[in-house]
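The next block holds one structure in the form of structure tokens; read it before the comments.
In this document, chain identifiers A, B and C correspond to the written order of the chains, with residue numbering beginning at 1 in each.
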Amino acid sequence: MDFLAQALPDNFWRHQNGSSTLWLWTFIGLVVGIALIFGLMNMPSQMRRPVVVGVTFLSGLFYVLLYFWPAPVARDPGTLPTDLVDKVGFWIEDAVPSVAQFSNILTAFLLGLGIYSVLRIHSRKLIKQQQDWAFSAVLLVCMVLMVIFGYWNWANRISPTGPLLDLQSNWKFQNYAADLLFDGLFQQMNGAMFSIIAFYILSAAYRAFRVRSIEATILLAAALIMMLSLMGSVASFWDGAAGHVSENLTLTSISTWLRDNLQTSSLRSIDFGIGIGALAMGLRLWLSLEKTGAGS
Amino acid sequence: MDYGQIKLTAGVISTIGLYSVLYRENKFYRLFEHIFLGLAVGWGIVALWTETLKSSWWDAMVGSSPDPGAAAASAQPGYWAWILLLPIGLMGYFVFNKKHNWLSRIPIGIILGLWSGQQVQVWFRRYGPNISASMKPLLPTTTSSFGKPDLTGLTPAQVANINAQVYPSQALTNLIFVFTIVSVLSYFFFSFEVKNKVLKFFTTSGRWLLMIGFGAIFGSTVMMRFTLLIDRMYFIWIEWLKHGILHR
Amino acid sequence: MAQAPDKSLGDKLQSLNKTTLFAILFAVTSIPLFFPGMKVPNKPEESTIDLYATLMQLPENSTVLVASDWTDSTRGESGGQFEALFRIMMRRHLKAAIYTTADPQAPQVARDNIASLNEERVAAGQKPYERWNDYVVLGFFPNAEGTAVSIGTNVATAFKGRKDIAPNGISTDVYQSPVLKDIKSTKDLKLVVVLTASSTSTVTIERLSGKVPLAMLVTGVMGPETQVYYSSGQLLGLSKGLKGVYDLETMMEDGVKDYKGAPIPGFPNEKNLGRGSVYYPTLHFALALLIIAVIVGNVGMAMSRRKGQ
């Protein structure tokens, strides 16, 4: 069944690549979209919530239908629907990749919000020369450099000579620059940022991890057994010594038993609790019953 | 200095710059923090287009011409309706506008709606097997021995028979497992006051057993964080100094 | 003039200077690295053995869908897991379709790491893992939930419109590559492997569990939580953190003597030991330092309490 499928004759929704009809309809679509924004901006305020609630409900309805509507069984390519239930089921199943594509594109546009926010704050600092504006200038310069060399490198790699760049001997200045910025600087700083927490974990464990209550004692004992079981040399020594007495007294057996029977069950319960909450929250968000949701 | 050494040295200087915050907040750290943020934002701009929007949105909207040397049917038509996603996505940017910031709730509502519509299906797919795996037999099916006997030297039929039985030790372990699940779940009953002694016993036990799960998480987290630090030390001392500079 | 009372031994034990503590950690995580070749005895965990067995028992030329959801922020664990996974896949001639839902940096990190593994293969006189013929990078999918549902419904249309560079340098539809051309439905996927430093493991389980065979390689933080799903049979195998990496490398080096009645070979005379083997001995010293620090703090507290009584 055709649903935004490929290599088919023109119709209202699709036109040949590069054709003037395609560009015309794309432009019309853009104008309609902008007109929609202006229309929404001038809408009476009492209509706002119904619009948001309606959009949220319709979006969620797709996946609810995907789950509850009878799905096509043993469907081969070329199979045609036999009745209305089949037709709707086929349509829903065929729409899944397009809905996923839609959500990926929309999420990508929304991820730009974070980028825009950073740009806004630091541009303002630079233009108004507020405190530490020099750092903002450094940020913006690094951003511009990454954008320039990132795109330049990408453009080289998708060109017909792109596969040659698999060999570093074929690299040009822009490829070196992109590699230095991404792998030489960005990735290493990414690693450094995340590793700083190790120092604070040690400091916090030293200062705050005190055996003051039964709960703290149990937590410390469980953490200790887990850490000892992660140390292969300790586990080997302990297993060797205790193994002569009983297999059940080895560190491996103890930690495995704790993991399979106490750790798994307690974490599973926490998971159940979170899951029930997520299910309830999902329903409330879909029906816009949640005050802090999109429809508030 | 060749390119490899320059690249490694740049990484080491930036790593040390960020580590300087461990001594105290300083301008050297702030410089590298801003470099990091600038590069992150820049890469975000590049990757959102090259890894996502170009193929998912732009190529779908404008189509593509046939590949050189390939059949004409390899040309992809364009679907103009994808352009509508641009204004819908741009509505999200109205969050910065005092008067019209409600418009940003439309794209957010779409994403939240899509997520919440999936929750029924995901709940059963995620927890269904967990629930059935938690239903363990609590009563032993044989008392011929307390624990499972050694299987060495037995025929396959005998092994199958032994494996099908629930021995008292396994029944006891299963009881502890189910007790842990029930008591930890009972700890999260916050909607009414627990006065009954039996319930209190369950909730207190649940709180203690929760600590075992948290202890395991703590131990694993420590392993992970220390590993990240060891990786950075390896980068500085071995990759840069030993291999890169000293060529050993 | 009043003098501040002398600190008792208990108080001194509890008030070690932060800078000193950091310097000790710095030394403890650096010095052992200068003594490579420290071999630590190891008993691989059951979940990692199952992962190794799953990968080793896949038919050659099978397509594995790999969610590579990590960046160099977790290179210590995720990098080691990626190298171990792809060394096995390259040697077993398994094809990889790599996608990511967690971070826009991740596709490039995957490409760079495959490039460095290829350098290793070329240096050993082996054929490199070829882009397009052996692996394709599908890109970044910001909406993990919708993408996972799409894969579970029909993987043959989930990545429609995505292109990768063919050997002729032209961006071509990924479904024309040898990696994906025989994938007509989700049932044709032999395995989906999620290598992640975030909660995309949970997102994948929620939408693909029961639909496709799943295996995971997660960081230490996600380990205990993901263990729950391995215990319930939703995962065929699971590697957790640096211990998981070391387990995989050990098995690649020595094989598995008895797995459900039969041995599983390793890869003799090949480079098997990587980050896991290098970092694992040093981890011992770091963990020992933390245990000692906690003990010292508690001993100090006990001494102070006794003095105060």
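Everything that follows uses one rule, which is that a contact is a pair of C-beta atoms (placed from the backbone, for glycine too) under 8 Å apart; a residue touches a chain by one contact, two chains touch by 3 or more.
Since this is a predicted model, take the numbers as computed values, not measurements.
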item: Chain contact topology (line, ring, star, complete or other); value: complete
item: Chain centroid nearest the full-protein CA centroid; value: B
item: Length of the line joining the C-alpha centres of chain A and chain B, rounded to whole Å; value: 10
item: Computed distance of Cα centres, chain C from chain B, in Å; value: 12
item: Intercentroid distance (Cα basis), chain C paired with chain A, Å; value: 18
item: Residues of chain A engaged with two or more neighbouring chains; value: 6, 63, 66, 99, 101-104, 106-108, 111, 182-183, 186-188, 190-191, 193-195, 198-199, 201, 205, 220, 224, 227, 230, 259, 263-264, 267-268, 271
item: Residues within chain B bordering two or more other chains; value: 22, 43-44, 47-48, 52, 56, 60, 76, 111, 114-115, 118, 121, 123, 126, 130, 213, 216-217, 220-223, 225-226, 228-229, 231-232
item: Sequence positions of chain C contacting 2 or more other chains; value: 22, 25, 29, 73-76, 104-105, 108, 141-143, 145-146, 149, 161, 168, 170, 224-225, 228, 231-232, 241, 243, 283, 286-287, 290
item: Chain C residues touching chain A - in the complex, by the definition given at the top; value: 14, 16, 18, 21-22, 25, 29, 40-43, 46, 71-76, 104-105, 108-109, 112, 115, 131, 141-143, 145-147, 149-150, 153-154, 157-158, 160-161, 165, 167-171, 184, 224-225, 227-228, 231-232, 241, 243, 246, 280, 283-284, 286-291, 293-294, 296-298, 301
item: Complex interface listing, chain C residues touching chain B; value: 19, 22, 25-26, 29-30, 33-34, 73-77, 79, 104-105, 107-108, 139-143, 145-146, 149, 161-163, 168, 170, 172, 202, 205-207, 209-210, 219-221, 223-225, 228-229, 231-234, 240-243, 275, 278-279, 282-283, 286-287, 290
item: For the chain B and chain C complex, residues of the former touching the latter; value: 22-23, 43-44, 47-48, 51-52, 55-56, 59-60, 67-69, 76, 111, 114-115, 118, 121-123, 125-126, 129-130, 132-133, 213, 216-217, 220-234, 236-238
item: Complex interface listing, chain B residues touching chain A; value: 3, 6-8, 10-12, 14-15, 18-19, 21-22, 30-32, 34-50, 52-53, 56-57, 60-65, 73-93, 95-96, 100, 102-103, 105-121, 123, 126-127, 130-131, 134, 173, 176-178, 180-181, 184-185, 188, 206-223, 225-226, 228-229, 231-232, 235
item: Partner chain C, residues of chain A touching it in the complex; value: 6, 63, 66, 77, 93, 96-97, 99-104, 106-108, 111, 157-163, 166, 182-183, 186-188, 190-191, 193-195, 198-199, 201-203, 205-207, 209-211, 220, 224, 227-228, 230-236, 239, 252, 256, 259-260, 263-264, 267-268, 271
